[in-house]
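To keep things simple, chains are lettered A, B, C, D and E as they appear, and every chain counts its residues starting from 1.
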Amino acid sequence: MTHNSTSTISVARAIATKDLRIEWRSKVLVNQVLPFAGIVMVLFAFALDNDGILQRVAPGLVWLAVLFSSLIIVQRTFAIESADNALDAIKVAGVSSVGVFLGKSVALVVQLLLFECVLVLLSLVLYQVHLSWGGAVLLVTVSLLANVGLAAMGALYGGLGAAAKGRETLLPLLLLPAVAPVLIAATRATESAFRVGGATLGEGWPWVALLAVFGALFSFGGTLAFGVLTEE
Amino acid sequence: MNIHPFPSPVDTPTGTRASRGLGIVVFLSMVLLTLLGLVLTDEDVVQGSTVRLMYIHVPAAWVAYLAFIVTAIASAMYMWGKQHSLTFDRIAGASAEVGVIFMGLSLVTGSLWGRLTWGTYWQWDPRLTTTAFLFVTYVGYLAVRDLGGSHQQRAKRSGVVALLAVLEIPLVHFSVVLWRSLHQKASVLQPNGNVTMDGLMLFTLLFGVAVFTLLFVWMVLHRQRVLTLADAIDDGGLEAALQERRNEAN
Amino acid sequence: MNGVDEAVRLHNAVVLLGSFPALAEASLVVKKGEIVLISGANGAGKTTLLRLCAGLVPLARGEASVLGFNLATQRKEAQAHVGMLGHANGLYLDLTAQENLQFWGAVVGASAREIALSAQRMGLHTRLLATTVAKMSAGQRRRTALAVLVIRRASLWLLDEPHAGLDAAGRDEIDSILREATSAGATVIVASHELERAGALATRRIEVVGGAIVERGAQ
Amino acid sequence: MNGVDEAVRLHNAVVLLGSFPALAEASLVVKKGEIVLISGANGAGKTTLLRLCAGLVPLARGEASVLGFNLATQRKEAQAHVGMLGHANGLYLDLTAQENLQFWGAVVGASAREIALSAQRMGLHTRLLATTVAKMSAGQRRRTALAVLVIRRASLWLLDEPHAGLDAAGRDEIDSILREATSAGATVIVASHELERAGALATRRIEVVGGAIVERGAQ
Amino acid sequence: MTHNSTSTISVARAIATKDLRIEWRSKVLVNQVLPFAGIVMVLFAFALDNDGILQRVAPGLVWLAVLFSSLIIVQRTFAIESADNALDAIKVAGVSSVGVFLGKSVALVVQLLLFECVLVLLSLVLYQVHLSWGGAVLLVTVSLLANVGLAAMGALYGGLGAAAKGRETLLPLLLLPAVAPVLIAATRATESAFRVGGATLGEGWPWVALLAVFGALFSFGGTLAFGVLTEE
């Protein structure tokens, strides 16, 4: 009598669509987190504006801003589930937890990409960075790969925090050290893309490889671990 | 079924004979200002032709100040007036909207000018930064007006914000004195009252201020009437909604 | 051992919330097709009992199986057939009722027709379906949550105070939905404080006292 | 004009939530000492009516006064004498029941004895008083919220489904608390879907239909 | 029959005590926001460590970290009130809104002070700044005064955001420009205290005066405005 249980893919799609629709409807990230990140970058520019320091640290600032925004985005994406205890409802539905993990991750990747586009554009204007075509290609690749890693770790630890009620505290503690390597690799690669401190484009690509490894590792690990971390 | 108890706002003009007259005056003075700014005044000794940007940049900044001050005064009149008249609130809103436009204009012309004289669109200089903050503050003010709730509530909330926000203007004005700044020091109105500027340039600048002020008045007049009609539409929508709600009861 | 005609079998089940034994050696057998009313004082353990059956809290000791699946080892399999309405509604506040239903439809694999039907049954008319849950009244939210439950077409229905917040029409509707479900072979467990209302619906009544179960006999 | 014996007077009151008229020209007079039951379908406007009387939503049109204070101009004065229990409990989840009570005691100026007394009445025994609200069952939270309400010693009590979630003993207790309050001169307005229970308590019954009020006559 | 309404002061005290107790109990800020701010500062030390840049921008970094933390603290302090709709309960109690404002502000000041102590100590260690006794006195004064301004504005606009449900979006938009002057003045004064870029101690005190003016202005404005912004 019960419905046939749906496939992992369709669960993932339903969750990702729903998350993106909620963001589209509530615009919390666009209206709240994005201006926040923007103002962070403006204030940094104001605090550091002398002697070309700003250009030198611009890549680091961009990725710091991404990192903080990603923390808030992860928190928000699980706050949606806890608000009226939809998390329990999803658990009782007995659907594939891999599907839930993938859905959450995809929604996070999409939102992070949007953020990065805006933040990178902002940094080009605010920090007066010059970007060549080759640099742009490098930057896009870096963003994509870095996002996969950030999103996978975010979904994993965000899920853990939401499952262990009232322990959202754990999120930054777990997430920040875990994604620090991603941050560093992305910063170094962006330095090459922005050509700061005499870095050349060629120096950037090895970092991209590293990001790809992290992304793959984190997604794989997340897929395996999510069920264990969030259930019961 | 037309349930609006008043003529359709769509057909109500926002102009009156007086405001149309004012509009014509503004238009003609604009033409004259363009002539003065682009043709009749000389180039600056140091800045060359780029100085012509001043005739927009400075009036726009000053009229934006004026607009924000008008917003504050109108808000105060709303709050401390016996009637709590929404007219004052709408004037405050209209004036802030126009002020944000002028402030934006000043920011844009300033950064163009900066590109020409300092070689960069933007510098993290106190005047520039505080100006940007002032701009953001009034964008925030407009967002508060948009929060929803009753009209009176909107008026009260935004009135408070307007009174707080206006305090930032002195900060922008004195920022060049307070912090070491790249930006032009107060060159027209110096603290000691001296005026240091070539005659026709000064005249053009002051004429620009006058024209922009008139433009401001004209825009606020119309905008204020549009806001009045928008509020009326809201109230008219209420009648229809009430009717529908009563129908639920059958 | 697990009889095919048993929907729930608990044997000395202990559930710890933190270090507090919310269920203390509860034993219970519910047959398929029953409508069981659980009553009991505040904090007695009714909600915990339902959450145990839904596989939402781990069993600390004892045995528990649902629809023939052992909860310790086959939780997912059991959950695929269980539908639960808790104290909270489990809805997304920023989505409309319609969008919530569509989401759950996609997750549990219900058709658009089923969704429309259950919305209509729970009295979610066009305006309400297009209203975000955040703007709804308490009872309207509860109705939306019930509509979501209906499209689950579960074999075991677990309901925590389903009548609370519903108006008279809603109460009648939920009763008839539950009766229909059991006549189609489902089993229903209802925790409630409205003994007259829920008692009339139930085929059997049990009471939870201090985390253990006391039989009250059939009605 | 505002009779001293009137607890609530609404005249063509309109309340907008967003742009939706949740109350559409509702008129009502409640005398001091009455216990009024408000019934009505889900979304009819019961909660909004109570929130208007509590000064929580602004009046868009019409007139409203509570205990002789005009809500448009003397809201704070009115609120000083009004106690409300909404759908939500208004508790701090990270504090224990005791700490919640102490906070409200300090805010409304109740003595430690009053606090202990009302906790005892609502059945909050020592273990519960030391439990954080986050760990409580639904009914235990509701009891804590009611204990907070009791120490308010309000002149006008506004209750939104006070019985929901309470067990039988809790229901009896709240009824006797409300009867005591009215016999001491207070006025009570209760919105409820449990018509038998609340109807037995009420001295008068009204119904909210589509945001307007329909009298149902004394019981 | 109703109790006599309690005084503004006792309302303020009850609210401040309650807020601090909740923080003490839940430790959200200490466990969540503080490590976050700490990691920001470490990452900066990591990103900028050359040529004494770090020492030069240390004051700016400290105050930026304070500013961002203060946004999160403000959001948290009002999230407590909205979680189970205690805000409505407080409104119905009809207590003095000045009391509520003062209570919230005091709790914010205390929490901000704690944060600053940790962040300043951290900056001394991380950025190898030398602090004289005179500098320490200046720094303490600056922190106290800056906090008053931050807390007052935070309480005011946080209250507005909480009252207009679902529009917490406004908080950064309104708060950041308003407190930017505080940030600038505090940074300049801290530069004097840290003696960076050849600044002398004496140069710091005029900024302290400015901070005092802001603090007084914001507290006064907040006290008057809070009721109007949060009610109805």
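In the analysis below, a contact is a pair of C-beta atoms (placed from the backbone, for glycine too) under 8 Å apart; a residue touches a chain by one contact, two chains touch by 3 or more.
From a predicted model like this one, the values you see are computed outputs, not experimental measurements.
Counting only chains that touch, the fewest steps needed to get from chain B to chain C is 2. Set side by side, B-D and D-E show the greater C-beta contact count at D-E. Ranked by separation of Cα centres from chain B, the top chain is C.
With centres set at the average Cα position, the gap from chain A to chain C is 37 Å.
In this assembly, the C-alpha centroid of chain B lies 32 Å from the C-alpha centroid of chain E.
Per-chain Cα centroids separate chain A from chain B by 39 Å. Centre-to-centre spacing of chain A and chain E amounts to 28 Å, using the average Cα coordinate of each chain.
Within chain A, residues 26, 166 each touch two or more of the remaining chains.
Chain contacts: chain B has residues 129, 148-150, 153 touching two or more partner chains. Residue positions of chain C with contacts to 2 or more other chains are absent. Only residues 160, 164, 167, 170, 173-174, 176-178, 180-181, 184, 217, 221, 225, 228-229, 232 of chain E touch chain B when the two sit together in their complex. Of all the residues in chain D, the ones that touch chain B in their complex are 14, 16, 18-21, 24-25, 58, 60-61, 209-212, 214. Chain C contributes residues 54-58, 75-84, 86, 88-95, 99, 103-104, 106-110, 132-133, 148, 152-155, 184-186 to its touches with chain A in the complex.
Residues 17-18, 20, 40-44, 47, 87, 123, 128, 135-140, 142-143, 161, 163-171, 193-196 of chain C are the ones touching chain D in the complex. Those residues of chain E lying in contact with chain D across their complex are 1-6, 10-11, 13-15, 17-18, 21-22, 25-26, 80, 83-86, 88-95, 231-232.
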